[in-house]
Each structure stands twice: as C-alpha cells, then as structure tokens.
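The structure that follows is given in the form of structure tokens.
Each chain carries a letter (A, B, C, D, E and F) given by its place in the written order, and its residues are counted from 1.
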Amino acid sequence: MEQIITFGEVLMRISPRGNKKFMQSNIAEFYFGGTELNVGISIANFGGKVKHISVVSNDFIGETALAYIRKFGVSTSSIEFSSRPLGVYFLEVGAVMRPSKISYNRSHSSFSDVEPSMVDWDKALRKGSWFHWTGITPALTQGAFDTLKEGLVLAKEKGITVSADPTYRSGLWKYGKDPKEALKELLQYSNIFIGGINEINEVLGTDYSYSNDDFLKASQQLMETFPSIEKVFDKIRTSLNSSWHKIRARMWNGVEFRESEDLDITHVVDRIGTGDAFAAGLIHGLQKYDDFKAMQFASAACALKHTYEGDVNYANAEEVISIIEGNVSGRFVR
Amino acid sequence: MEQIITFGEVLMRISPRGNKKFMQSNIAEFYFGGTELNVGISIANFGGKVKHISVVSNDFIGETALAYIRKFGVSTSSIEFSSRPLGVYFLEVGAVMRPSKISYNRSHSSFSDVEPSMVDWDKALRKGSWFHWTGITPALTQGAFDTLKEGLVLAKEKGITVSADPTYRSGLWKYGKDPKEALKELLQYSNIFIGGINEINEVLGTDYSYSNDDFLKASQQLMETFPSIEKVFDKIRTSLNSSWHKIRARMWNGVEFRESEDLDITHVVDRIGTGDAFAAGLIHGLQKYDDFKAMQFASAACALKHTYEGDVNYANAEEVISIIEGNVSGRFVR
Amino acid sequence: MEQIITFGEVLMRISPRGNKKFMQSNIAEFYFGGTELNVGISIANFGGKVKHISVVSNDFIGETALAYIRKFGVSTSSIEFSSRPLGVYFLEVGAVMRPSKISYNRSHSSFSDVEPSMVDWDKALRKGSWFHWTGITPALTQGAFDTLKEGLVLAKEKGITVSADPTYRSGLWKYGKDPKEALKELLQYSNIFIGGINEINEVLGTDYSYSNDDFLKASQQLMETFPSIEKVFDKIRTSLNSSWHKIRARMWNGVEFRESEDLDITHVVDRIGTGDAFAAGLIHGLQKYDDFKAMQFASAACALKHTYEGDVNYANAEEVISIIEGNVSGRFVR
Amino acid sequence: MEQIITFGEVLMRISPRGNKKFMQSNIAEFYFGGTELNVGISIANFGGKVKHISVVSNDFIGETALAYIRKFGVSTSSIEFSSRPLGVYFLEVGAVMRPSKISYNRSHSSFSDVEPSMVDWDKALRKGSWFHWTGITPALTQGAFDTLKEGLVLAKEKGITVSADPTYRSGLWKYGKDPKEALKELLQYSNIFIGGINEINEVLGTDYSYSNDDFLKASQQLMETFPSIEKVFDKIRTSLNSSWHKIRARMWNGVEFRESEDLDITHVVDRIGTGDAFAAGLIHGLQKYDDFKAMQFASAACALKHTYEGDVNYANAEEVISIIEGNVSGRFVR
Amino acid sequence: MEQIITFGEVLMRISPRGNKKFMQSNIAEFYFGGTELNVGISIANFGGKVKHISVVSNDFIGETALAYIRKFGVSTSSIEFSSRPLGVYFLEVGAVMRPSKISYNRSHSSFSDVEPSMVDWDKALRKGSWFHWTGITPALTQGAFDTLKEGLVLAKEKGITVSADPTYRSGLWKYGKDPKEALKELLQYSNIFIGGINEINEVLGTDYSYSNDDFLKASQQLMETFPSIEKVFDKIRTSLNSSWHKIRARMWNGVEFRESEDLDITHVVDRIGTGDAFAAGLIHGLQKYDDFKAMQFASAACALKHTYEGDVNYANAEEVISIIEGNVSGRFVR
Amino acid sequence: MEQIITFGEVLMRISPRGNKKFMQSNIAEFYFGGTELNVGISIANFGGKVKHISVVSNDFIGETALAYIRKFGVSTSSIEFSSRPLGVYFLEVGAVMRPSKISYNRSHSSFSDVEPSMVDWDKALRKGSWFHWTGITPALTQGAFDTLKEGLVLAKEKGITVSADPTYRSGLWKYGKDPKEALKELLQYSNIFIGGINEINEVLGTDYSYSNDDFLKASQQLMETFPSIEKVFDKIRTSLNSSWHKIRARMWNGVEFRESEDLDITHVVDRIGTGDAFAAGLIHGLQKYDDFKAMQFASAACALKHTYEGDVNYANAEEVISIIEGNVSGRFVR
C-alpha cells in the first residue's frame, strides 16, 4: 500500500475538563494534535498507511508525542528532534454562546526550528502517493515555508497527488512573508483545493459571496489561476452556538457542482480538528470513491469528529460509511 | 410486604468517562447491572421489596457486585457463587450520530454456570408475589433456560404474577436452542407482556407493522396464543440521534387501547437500562394504579432513567409521579 | 475607583461530578458561593472593585473560602471569623426532566452567628458607592436581619446606591420574623429593585399576573409604596427542562418600559447563580450604560453564567458585550 | 446468628485526595464513618451479623449514608430520620511530621436530635448478644447520653455483653455533663473495657504511668471500682511520624497479663478508624478465640486498617488471621 | 538491527486507584500487560527492536491493546484476532502487611484460542535473533503449549538464542498437561535460564535450599540435564512487607558464580512486572555487556520497575546504567 | 506592616498524577510556582505582607497565575503583562532510585521580556522592608539581570534588607553573561547569604569541602569579599533516595557557628520548592527570632514543605513552630 505523507507541527493540547476554565481547577487533560497530524492520524484510522514529518522536542514530552503518534500506526521514522520545547496550546472549551478560547505557546517551539536541511524529502517521499499540506505550516517561519516548498517541488516531480488546505489564520504569519504570495507560490504544486470562499478570496484578492453561484465562479477562477488544481471542496458550517452546529459540503471538479445535505450536530463534544477530519475524509474518499461520495465521506467524517474529544478523528471507515447510509439515530452497536 | 423476584445475570459495566473511547484514556468508571437486576433495583428504589437471584464470582469482584446490590436494599440471600469470573461488558458511549458500542465478556461467566440445582426456587419464591423475566436469560445457556423455566413453573403453581420482557437479541442464543420455541415455552407461564411489534413478530412468526392498528391486532393474536397473557405494554422510542430521544408507550389490556404522550429527552445522559426502567415502572405501577396510569408511570420512569449514569434508575416513586403531573421544567428541589 | 459592597453568607457547595447522585460516586467537586458573594465576584470579574462582608469558620475550610474569594480580587478585609462551621450545601445536578436537588447545612453555620456588633459598618462602607442585598440574608436569623438593616441605614445616610434582590424563599424564614414585613422594612432603603411579579406580589400582598401590563402596574405600585425605588428590573426564565432554558428581561424605570430578546441556552452547564449574574450585570451596567443597555448586559451575563460550572460568573465585561453585539455562534477566540 | 449492636453518630467524611489541602484542589473524596459504625461495619466484614442504631438526615445525604451502611450488610432497620443535616467532618491528611487535621460540623447534626423516645431499644436489642458503645456518644448531647444509658440498662437486663471504648475527647462534652461522672455512670453496665492508661486515669482520677506495672494496677483498680468489668484491653501506638506507626497491645483479664508484639506499619495509608478496627477485632475475637488470640486478632485488624482508605476496616477474618500467622511480607494473593 | 521475539497473552489490567478496593470506588485505571509482552516492551524501551506475537480480541478492547503495544514501538504485525474477549485481570493493590490481590478472567480469552495454525512462525521469526518464553504460556492451554513448542523448535533450527523464564504458577495448568514434563520438553530448546531454586526444584524434582552453594549445585545439575542451557540467572527478593522490598541477583554461567548487591526499594509504587523487567534487562544486557554487568543491568531494571505504575518498565537504558553507576539518591534530572 | 518584596518568573508546573510519566496518562495536575514566588507565598502563609514583581502572559493562563498568587494574599499590583506565553515546566515525579525529571519551556516566556523600563521600582519598593532575590533570575536574560540589579541598587539606597539565594544552575546562563561575575555584582547589595559550599565556591572560585570547618572558613572569606553580607545560612540535604531525605542546617553570623539537628523525612510527598521554603522560613524567622531559632524555623519549614504537593509551602507559622517544639509524631489536630 502506498503512503500518505503529512508535514506539520505537533502540538500538545492542554485543557481543563468539561467546560471548566483553568481558573476553576488544577486538573487538565492533554492530547496531541496539529492540523496536518490530525489529517494523518484520521487517514490511518480509515486504514491508510501514513507517515508524518515533523520536528519534536528532545525530552520526555517529545517522546510522549511520538508514542501518541505511533499508537495510531502512523510512521514517525522521519520525525526529527530539537532542543526547543514542543509547541503547546491551552484550550478552554466554551458552551452555548460562550466561545472556546485558545492560547498558543508555539513561537519558539521545536517545530519552529525546522529548516530544509532537517528533512530528507527524498527518503520521506520514497513510498508516498499523496502529500497533504495546510496554510498553517507556511505561516509559522521562513524555515517551515522553505521546507514545505522543497517537499512540494519534489512531490510534483514524483507525480505525487498534492492536497492543499490553505486555511488563512491572521494571528500567524509574523515572520515577514506575505500570506497571499506565499500561498500562491505553494498552490502551484497542488491538485486538490480544500477550502471555501474565504480562502479563495484571500488568495485571489477577490470578494466572492458565499452563494453557490459565487462558489462556482470562484472555483473556476481559482482553477484558471492554478492549472494544477483539479477539484475544489468546500465545507460549510452553520453554528447555532458553540454546542450546536450543522455541516454540509459543496464541490466543483471542473465538470460537476454538487452539494451535500446538512448533518445536524445537536450536541457538540469537541469542535477542534473537525476541518482536519473533513480533509482526511476527502483524501481517503478520493482514493476509493467518486468525487461526490468522497465529499459525502468527508462531511460524515467531519460530523463524526464533533463527537470525539481531542484533536483527532477516531472513526474508522466503516463507521463513516454507516453515517452516509443514513444510520444517524445512534442505535447501539453490540 | 410481598417480594418482587428477579432472576438473571449480574454484569460489571466498564466504560471510559464521558464520550471517550478506551483508546483515549486509562481511566474507566464501573457500575453493575444486568437487565433483570436493573428492573429489581429500580423497583426497590420505588419502595418495593425485591430479591434478586443470580450466580456471581467467588472473588473480590463478586463481593463488590453483592455490595452494590445490597446498597439498594435488594436481597442477595439467594445469590450463589461460582469460581468463574463475573460477566463484564465494556461500553463506549456515543454522541449525536455516533452510536454507543458494547463488547461483552460473558460467555464463560459465573452466571453461565447456573443450573436448576443451584437455585432453591422454593425458598427463593417463598415470599414472592411477582416474578419478572426477560429474553436475555434463556438466550445465554441451556442451564439458564432450564433454571428459569423451573422457576416459572413454580411461580405459576404458587399463583405469582409473572411479567415477561422477551427482548430478542440475535447476538446471543448460541447454545443451540431455537429462540422462537424457547420464548414460546416460557410465555405460557406469563401474565404481563412487555414488548412490541418486534417481539410479537418474533414469537408468532408474523409481520405486523408498527401502526397502532397492527399493535392492537398483534396483541390480540398474542393473547389468543398465550391465554395466560392478560396485558401487553409497548414502549416506543423515537431517536433523533444518540443524544436526543423521545419516549411514549401504548397498551392493550384486552379491553382498552391507550397511548401516552411523547416525553422529550433532549439531552440523553445514559441510555442503558432505560427499557428496564420501563419494565420496573410498569411492575410497580400495576401494583398501585390502573393500567393507564401504570403505563404513564413506566414511561416517565423510562424517560427519567435517561438522566442517570449507569444501568439502574435512581428515581424514587415520588419523582416519577412528579413527571406524570407535568413537572418537567426541571425546577430546583431544595 | 469606588467600591461595591456585598453582604451575605459564604457557602461551600459540594456536588458529585456531572449528573451523578451522591450514591453513585465517592468523589465530589466543591466551589464556594452564596447569592451576594456571587454578585460580588461577578462584578469583580467585570472589573469592579468589590468588598464582601461575611462571617466564616475559623478553620481550614474558612481559610479555603477566603482564598477562594481573594482569587477574584474581592476584598476580604471585613470578613470575620466564628467557631461555628461554614455553611454547606450539597447539590445533585439534574438533567432534562430531572430537577437538580439541593440540601442545606447552614442553620448553625458561622454566618448564623452574625450580629450587628460583629460588623464595623462605618469602616466597611468607607469607600462604598453601591450596596447590594438580597432576600436570603434577612431570612436566616434575627442577627442577620439586624446587621443588614444597620448597614442599609448607614448606606442611605451616606448616599450609597442600594440594590435589592428580595428573592423570597419559603424554606427559610424560620426565626419568627414575618417575611413580608421584614422585606418592606428593608426596601425603604433601596433604590434599584431586582425582581419580578412573584417578589412584588409577596411584598405588596397583590396578585398581579406575569403579563407585561401587570408588570408595569405592579412596578408602579411598588415605586409608589417605596419612594426610594427608582427602577424595577425583572428577569424572565423559560425552562423547556433542566437542560434547556431561555432568558429575557424587562424593566420599568419610571419613564420607559423595555423588554429584551430571548437568549436561547440550549445546553445548560450550571444553572446555579444565574440570577446573581443578572444582578451583577445590572449593577455593573447601571454604572456604565443607560438602563436598557444595562438590562441587556444583565441578560447576557445571566445567559453566559449558564455555561460556567460553579456559583459564580467567570465572564468578563468584554465577553458580555460581545454577546450583546450578537456574537452568539461560539466562534473560537484564539 | 446473634446480632452485635452498635449505636452512634454517622458522619460524612470529606477530604481532598492524597495529602492535598482543601486550598489545593476542588475535588474531594467522601466516605461515611463514625466510631461505633466503624466498629459495626468491621465486625460485619469479619462475618458478624450487625445492626447499627442512629439518626440520619432526611435527605439525599442521609439516603447515601444508609446505602453505604447497607453495602456492608449491616442492618439499618433501627435507624431513624431527622430534618437536621447529617454530621460532616473535613479531613486534611498529613504526612511525615505534618499532622492530619480534622474540622467537625456536627454540633447540630441529625444525630444531635436523638432522644430516648426515638429509639425502640426493646426492638433494637431483640436479637442482640453484644452491645458496643464509646465515649464519643455520651459526649455529644444530653439526649445522646440518655439514649445510650437507656440502651445499656436494657442490655444489662437482657444479659447482653457490653464492651466500652470510653475514649475521652476533650473537644466534645459541651452540653454541661461532667465527662468523668458520665463515663462512670455508663461503665457500670459494661463488661469489656477497651482503653488504656489515659482513659483509666480520666475515669478514676488517678495518674498511673504507661508502664506495664502501672497498667496492671490501673486495670485492677478499674475492675474493683466497676465490678461488671471483666477484662481490660489496651492498644499501644508508637508513632515515628504521621506516616510510620507501630501497634501492639496488652491485656489484663483478671488472671493473666499478656502483651503482643509490635506490628510495624512502615507506610500508613489512612490512620482514621484504626482504634475502631482494634475494638471490632476484639469483639469478634472474644466470641471465637481465647483472650490472647482475641487481642492478637484485634492488633492485626488494627494494623491492617492502616492500609485501607476511609474510616472502616475492609479486612475479612481470614485476612486478619493470616497476619497473626506471620504472613506480613505482602506476597500476592492470586 | 535484529529482532527480539516475545510470544504470550496480552491482558488488560484493571485496578482502582492507589490502595483502594473495588468496593471503595467506581473508578479504575487500566493498563495492558502480560508477562512476555512486559518483557518485550521493556526491551523496546531499552532501544531494542521487538515483535510481540499474540491473539487479541476483535473488538475495541483488542484495538486498544494494539494501540498500547504500538505506542512503545513494538511490532504488532504478527498479532492475530479472535472473536473471544481479551483476557482481563483485576488488581487490588495492597500496602504494608496487606497483600495485593489479583483475580483473573482469562480462561476463555482470545489468547486461549491460539493454535499452531494461527501463527506463521516462519514469518514471525524471519528477522529474529532472540526468542523469549515463560512458564505462563504453556500453562494456559494445549494450543498455547503446542504453538510455543513449534516456535521453539524453529528458533533452535534457525540458531536463535532462546531465554526461558519458567515461572511455575500452580493456579494455572488446568488443561491436563503435567507442568514438570511440559517445562522439561520446552527447556530443551533454551539457552538462558532465568529462574531460581523454586523453578529448578520444580523441573528437576530436587529440593535444593536457597543457599548460594545449593544454587550453584542446582544450576550445574540443570545444565547437565539440559545441555542447551548455558547460563542461569536468579533474582532474589527480600520483602519486609508489600511496600518495602530489596532486590539482588546471582548467576552461574558455567565458569563463574557472581552475586550482586541488594538494591533497597523503600517505597514500592507497583510490584507487578518486576520479574519481567529483570528478564528484559538480562536479555538486553547479555547482548551488550558481560554476564555480570548484564545481571547488574537486570537487577537495576527490576528495581526501577518498582517505581512505575502498570505492568511495564518505562526506564530507558541510560536510566538503568545510571543506577548501576550508583546514582540512587534521586537527584533531579533537569 | 512592612512588605517583603520578591521578584522573579512565575512558572506553570504541569505534571501527571502520582509517579506517572506523561506517557502513562492523559491527565495532569498544574500549579504555579517559581523560586522567588515560592518564597513570597510561603512568607505570606507565615503571616507576612508580600508583594511579588513579575511579568506574566496576557491571556487566560496569565490571569489564572494572578488568581493563584492572589489566593495567598500576595500583592500582584506590580505584575506586568507580556504577549509572550507564561513559562511552563513539565515534571515527572520519581520515586526511590528513580529521579524526578523536569523539562522547561521558558526561554521565550513572558518573563523573558522583562526590561528595567517595565518595573517601576520606586513604586514597587515603596512599602518594602525586605527584598529577596535568587540566582535564577539573573541567569535568564540580560533584561532580567538589569532589572534585578536596578532593584537591588534602589533597595540598598532605601536601607531595605536584602537576602540572596544565589543558586547556580548551569543549564541556564545562556545569554552571554559570566555567572560568577554576575553573581558577584549582585552580592554587593546583599545582607543575608542563603547558600552553601557550592555557591560560595562558585562565586569565590575556591574549593572548600563540605566540612563544618571549611564552611566556617568559606563563610568568613565570603563576608570579607562582600562586606555587606552579615550572615550565611546553609541547608544540608541527605538523600537516601528520591523518597527519603533528611534536612539540617548550619550558620555563621560573624559571631557564632551553629548547626541544627537532622529532620527525617521518611516519605517525601513533593521535593520541589523545599529550598524556597527554607529561604522563606529564614526571612520570616530573622524578623522575629534570634539567628539560631530563625535557622531552626527555616529547617522545619523546609522539612514540612516536603509534605505538600506543588511548589509552595502551605504551612503557617504556628505549624512550623510546633515542629521546632518537637511535635513530629503526626498526632491529629482536631
């Protein structure tokens, strides 16, 4: 089986239990995550063979992170070590109208040390058939941008399929690079675009609306600008409040526009990493199904992720398929 | 006061906290349960005098199970010991569209040792006025079937009222007995049938639909086939998803068809044992009220059970009555 | 900055986790609270300078209570000690149609020791610009009533604004004083009335309905009876069940009747202290905004409180304002 | 089998985990206990038939206490209810040179309500063969003293063996009765004296030293003063610090002075209730063995109790016997 | 690097926290273990490349076990699945003179399904350079014995070094095979004997004492009887009580008798798996050091294991070496 | 009352429960600490008025740190905010021969932002009578060194007593400054030296041994070199292993050499911050007692700290005095 390659920062997530604030307790739970790792682990849970590339701390926290990744069967053989500490984020989980809050401690993390010389891309991509990147990595440091770009160039050379989730997060991008230019540079090497109007407008400098019509036009303009891009998938979230969301998706693959039905998530357990679950579902789905079913798989995976604590999606492929088949009434599985 | 007798396996339930999977934690909570025990404990919480008959392990887990049962004032004086381990089930609690999952470790449990010779039915039923059985017990082993049947024969002789909840679970019934024949054999000794279209179709080999009309016809055919059966009570669950259910009930007592209003359970805490809470509510209700109010009591008990963790219903009779009287807005009780 | 003064019992709240009953666990979480302290802490969280006046136990529990209060920056310099134990309340948190239950252990608590001689009101009010009292304190003991009254008399002399939340709780008032007369005596010194039809009817002996028309008439009659009262604010709760509430408010300030929109609290985390959060929001709001915005601030504060565990509202002013501005979709704050 | 009767307050014990102070956590664990109940439960764990007599609160805390007692098979049929709250004690567990600290909330507890009219001693003692009391009960209230005395008078009439553990705790005895006179009044009805030099000096007004010689003389003088007393048992604790104790015992039964070997408790888990475990061991032992072996059983039971969290001794008779037989190396039991 | 192969049952260990009994809590912690797996994981933690061979359940518990094993980098590629449940053991951890108690639920576990046909030994041993077995596996079922034997025969053929820890546990061996004969049959294929006087006496039918002289003679007789055995290593535990042990070791390698110094374990954290840590230390040590240093490494590894919760030893090789070098004062590592 | 001023980094400490490694759990407990803050809080617990000066993060973690500090009544009015994250340290607690391990994440923390311009020393020291510094602060950054030095210069001008705990930690000091020179520069402003042979040798470039004779000579040379230094106090720790320590102290005050008795800490609960507890005890003691009693107070405070979890000493002055008076047997305080 061929490998899916993900590349990005591994973060330790620390949060008090339930809806508590840090002020209310002296106990916290921790998980590991990071947007690209979340995608990788989720694909491994669907049965894919995955390798994650990163730089972690050379201490017992870094060891714990590696153990966490190995647990899911994701290969850690291309993960390097740094004497800087692992990146951390603190999370206070909101409810109803109270938003969740995140505070990052990542600007001098072990991953911020990454430089092209630290990753042996040739070895890392040797068995790769798919490479996934997101807009978080190039937003961190020049070294991260360069390292990612080097990987993408090689992936293109090797004919590896590249998916891009160019999420634009304005709180990052502090090292001087212009986000728009950076993302454009990287999108040239990408085949699958996972993102919506916001990301397209950011990259193209346009101001399309959220309507389906505009989505179609925006996607077409995107595909004209970046000829390597073959398909655009957009996840649409409707939030009643922190505890109640709906998820649907739409797509343009150059031929066909499709939209999926809303999945109603009446009692959100954990919202983190749900976009990553969508991306993972899509990557898995596109390897096994037609585009529309892949998008359904992605939507169902995304919806299911809202029911698991932590950053990663624990659902296996069979469980996702069951949602697509309409088994959403939560009947016991014995 | 006269005793309600229940007979069946005691299981240890082990599950991670909240909606976690076993993979996500190294901490679990445990309770004890088992469908017939759940009924017994629930009736004891309503104020009934209850004796549970079973076989538990001869170790500190068996002792813990006995302590758990005694806590509710249920008599353990007819519980026997086996050198086999207590049955266990592992539970991962779902949410929204994610179903809960159960994995059993019961096929060579202490209760699987049960044989007619281990239960002194004469002593066990001495003070009994009501005997409750379910379709789980005869599905486990020939010994369990035989022991139950011996108890039912004696109960009938003594004029003890017998209620049957012949839940058919296809994952059991592995010892060779035909489920349909077995249940028919046991239903001859029963007076109250707690079950719906699925169970009636299973026993009669019919294919009635879920409509009220068909329920009526099915119940009548059932009562013709088993003349001892005087009343049929059916609980109807509507599941939006794992976290949001509605419960109502309907009945045919040979004279009158009645249906209760839906009770809306917008935030399910724990779904396990809610059917047992219905049965317990019915048994308690039929001893104190008319058939319709008994059914209302059963429905309200069932709905309330969804708000308690664990297998058993902690509500007392006053709390159930309060629901029937319309106090569902959750106003503080100080 | 000038001080807001609150006076009342500090209670230790003890409850099992989640929706468990005490019977289901041997672990409990504890917080401290008390209706007036909740108001004080909440105002401190909005940025106000607050002093709480009380009597706590002279042991490690009393020390823990003081540490808890100090954590929020509320001054404890006027809190006295008693050799009696701190008041405690035990809480079992309900869900859906199951009501929460509270059992108090406060009748011989350290606060029940309070006598006018124990509080140096002159010192306590020195920097005060606002004094808040509720109907709980005068309901406890003659000493509590007398002490409160002495404080109110002095507050009036000093021109300090007085807000009253004359909640009437029938389970209290055991020391012989007539509640109606007691509350009337104290309302003479008050400027802001935080309460609704029930409280007005109790105090005036009237039987107004819950309609807006009646609210208007009742408020006017109240203000005629107690000329010091300038404004009346009423919080209206609509409970679908224990887990799903809606909150709105209405006001009469002698000039203008206004009503706010319902805020939909689809997943209640903790309902305790939500009325106190409303009062705190109002006191804060009236010092910074016009009456209507103050009422909106109070409603939003009240709604937000339902998302925090414990008795007190952890929201800061900016977070409350964000709700008023319509940010209720729970988008992450990074 | 005949019943052992214990009479005394049931207390809820609340303490943070491990060695934490209440200031350091918002989580506590709770157990139930009370010196006489501890004795009763411990005897039940040795296989005895026990009834505990008390007054508990008429709320969910009282119900939880009853459930706790029933768990051990101790009869609660003579426990009455009061509208006052159950007594509570808060515990901070020390270590090494840090002493454990206890704060009581019991002076207006449900048990403080007890009056002779509340206990039907005739019914309570009907099956009794042994009655155990301690110096805590008569120290609480006049009603507790009177109720206990009435029970002792009837016990003597019925020829029931009475054991007394007249622990003198100076922090109690606040209701006016002179401790010395009260204890003397009650010792007249007692057969077994469980206590040492401190208790004898307190009761006789003597000043014997801790030497074995003095113990012998003191015991003889005690038995002369109270002719009903047949045997005196004294537990001797040597504390290196909070975490390391040694236990031995000595006795005088009118004929023979014996002393047991020190049992070395190198890692104390929980020191509460270890004296009660000694008393329970003695009561059990005296019914089955000679006086010396009974004392050994008591010492071993006491030592074992230091290894269980909570107030009660979970060891069964077989486990205690194993210690007497020298199995103290902690070899696994599989 | 070449692989160390371990073969044996994977058990889920479930125990309450600290020194609690199951009766005292409804919370448990769980780990996975099993004597051979413990050895394998421990060697992986020393840096070895390890593959574990077993049969686990085909459910979420089996998946969790696999994730646990993968966490340590141990290969699970030769682990098979069974529809039977994973074996479980329940543990109550003792203290001081209270022994720990274990109750097993393994007699019909997934591993009890194992048959030679389920293990592809040729594939499993392909990269193997060392094979470790214990006396637990052949004691379980005929299938386990046969499968193990088949593996040993092949290992011998391939010139793989075989270590044997023929622990004799009398509570097992229920399937009819004579333990002595079985162990003899298997020892023929073994090169390193990890065990002491008890095991040698069991196998040879001798009655050597624990003296060093007898150890020497016993080892020599063992090596005469089983010519493949080249070295005998014996771990000696001195238990003051459950909480305080000392560990030393001795060896005979045909040339030299050596004994190591006692390591004083004054505060035992977890005693389970300490023998496995010794075996793992030895296997690792014999590959890197001379026999005496290997034995020192094994003793230090064993001692360190007493400081980790769970079945497995988390120490890495550097940490073990540090103990051998005398760093036992517990100075911080920053 | 006059203020004690402390200045230094506030760190969040995160560690798994008990002796677990991060790999073994997904739950951690957190406290706040930092060597100078620990001293400040400990003095506040002795009844002193304390102000801590620092820079914390401008997020919910910084807020939580402030709340933590306020809890103890320590003034936070001179604490500033930075947009960098709060420093964190991860801790794995060892046992017996296993050392505890610490991993820091502090090199780009909010405190690393500190510059002289951020601290208004004039305001900060206004009410100060004592200033305490340690060798950690100047080891962090040039800004921290400069800020500290500015404070010391002003303290000297104002005649404030300065105590120095010039702990030398070689893992720090990465910004270029020579540790020896830096410490010398700062010691000029100091009156009380808290440290031993290691620190003196480091500062003077000498190689005194640990003998009392050498301690005397070293102290004298130190006092000659730094004429402002009046007294030298040295804490001596003897570690059997991670779980068992002994503490004593010695002093030279220019007139008198004294040494205290060993305090035996047989069961260490938490070793972190014990040196800080010594310093705090000394500062408190020197303000109330003669030098020898101050040293005894410091030793007892240090010993007691080993019994509290977390970084700070919770003991009050009365509890420390009780240890000096010989009450080390851990008798209950009720």
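The working rule: contacts are C-beta pairs under 8 Å (C-beta built on N, C-alpha and C of every residue); 3 or more make two chains touch, one makes a residue touch a chain.
All values reported here derive from a predicted model rather than from experimental measurement.
Shared contact partners of chain B and chain E, listed by label: A, C, D, F. Where the sister copies chain D and chain E meet, the same residue numbers recur on both sides for under half of the interface positions. Ranked by how far their CA centres sit from the centre of chain B, the chains are topped by F.
Simply put, of C-F and A-C, more C-beta pairs touch at A-C.
In terms of the distance between Cα centroids, chain C is separated most widely from E. We define each chain's centre as the mean of its Cα atoms; on that basis chain C and chain D are separated by 44 Å. Chain centres here are Cα averages; for chain A and chain D they lie 62 Å apart. For chain F, residues that reach two or more other chains under the stated contact definition are 18, 21, 23-24, 26-27, 31, 67, 71, 101, 103-104, 267. Judged by the touch criterion defined above, the protein chains are all mutually in contact, each touching every other.
Here chain B touches chain F in the complex through residues 24-27, going by the rule given at the top.
Looking at the complex, you find that chain D touches chain B at residues 67-68, 70-73.
Within the complex formed with chain F, the chain D residues making contact are 18-21, 23-24, 94-104, 169, 171, 239-244, 267, 271. Residue ranges of chain E in contact with chain B, taken from their complex: 14, 21-23, 26-31, 57, 59-61, 63-64, 67, 84-86, 88, 90, 92, 101, 103-105, 107-108. Against chain F, the residues of chain E that register as touching in their complex are 18, 31, 71, 263-269, 303-304, 306-310, 314-315, 319, 323, 327-334.
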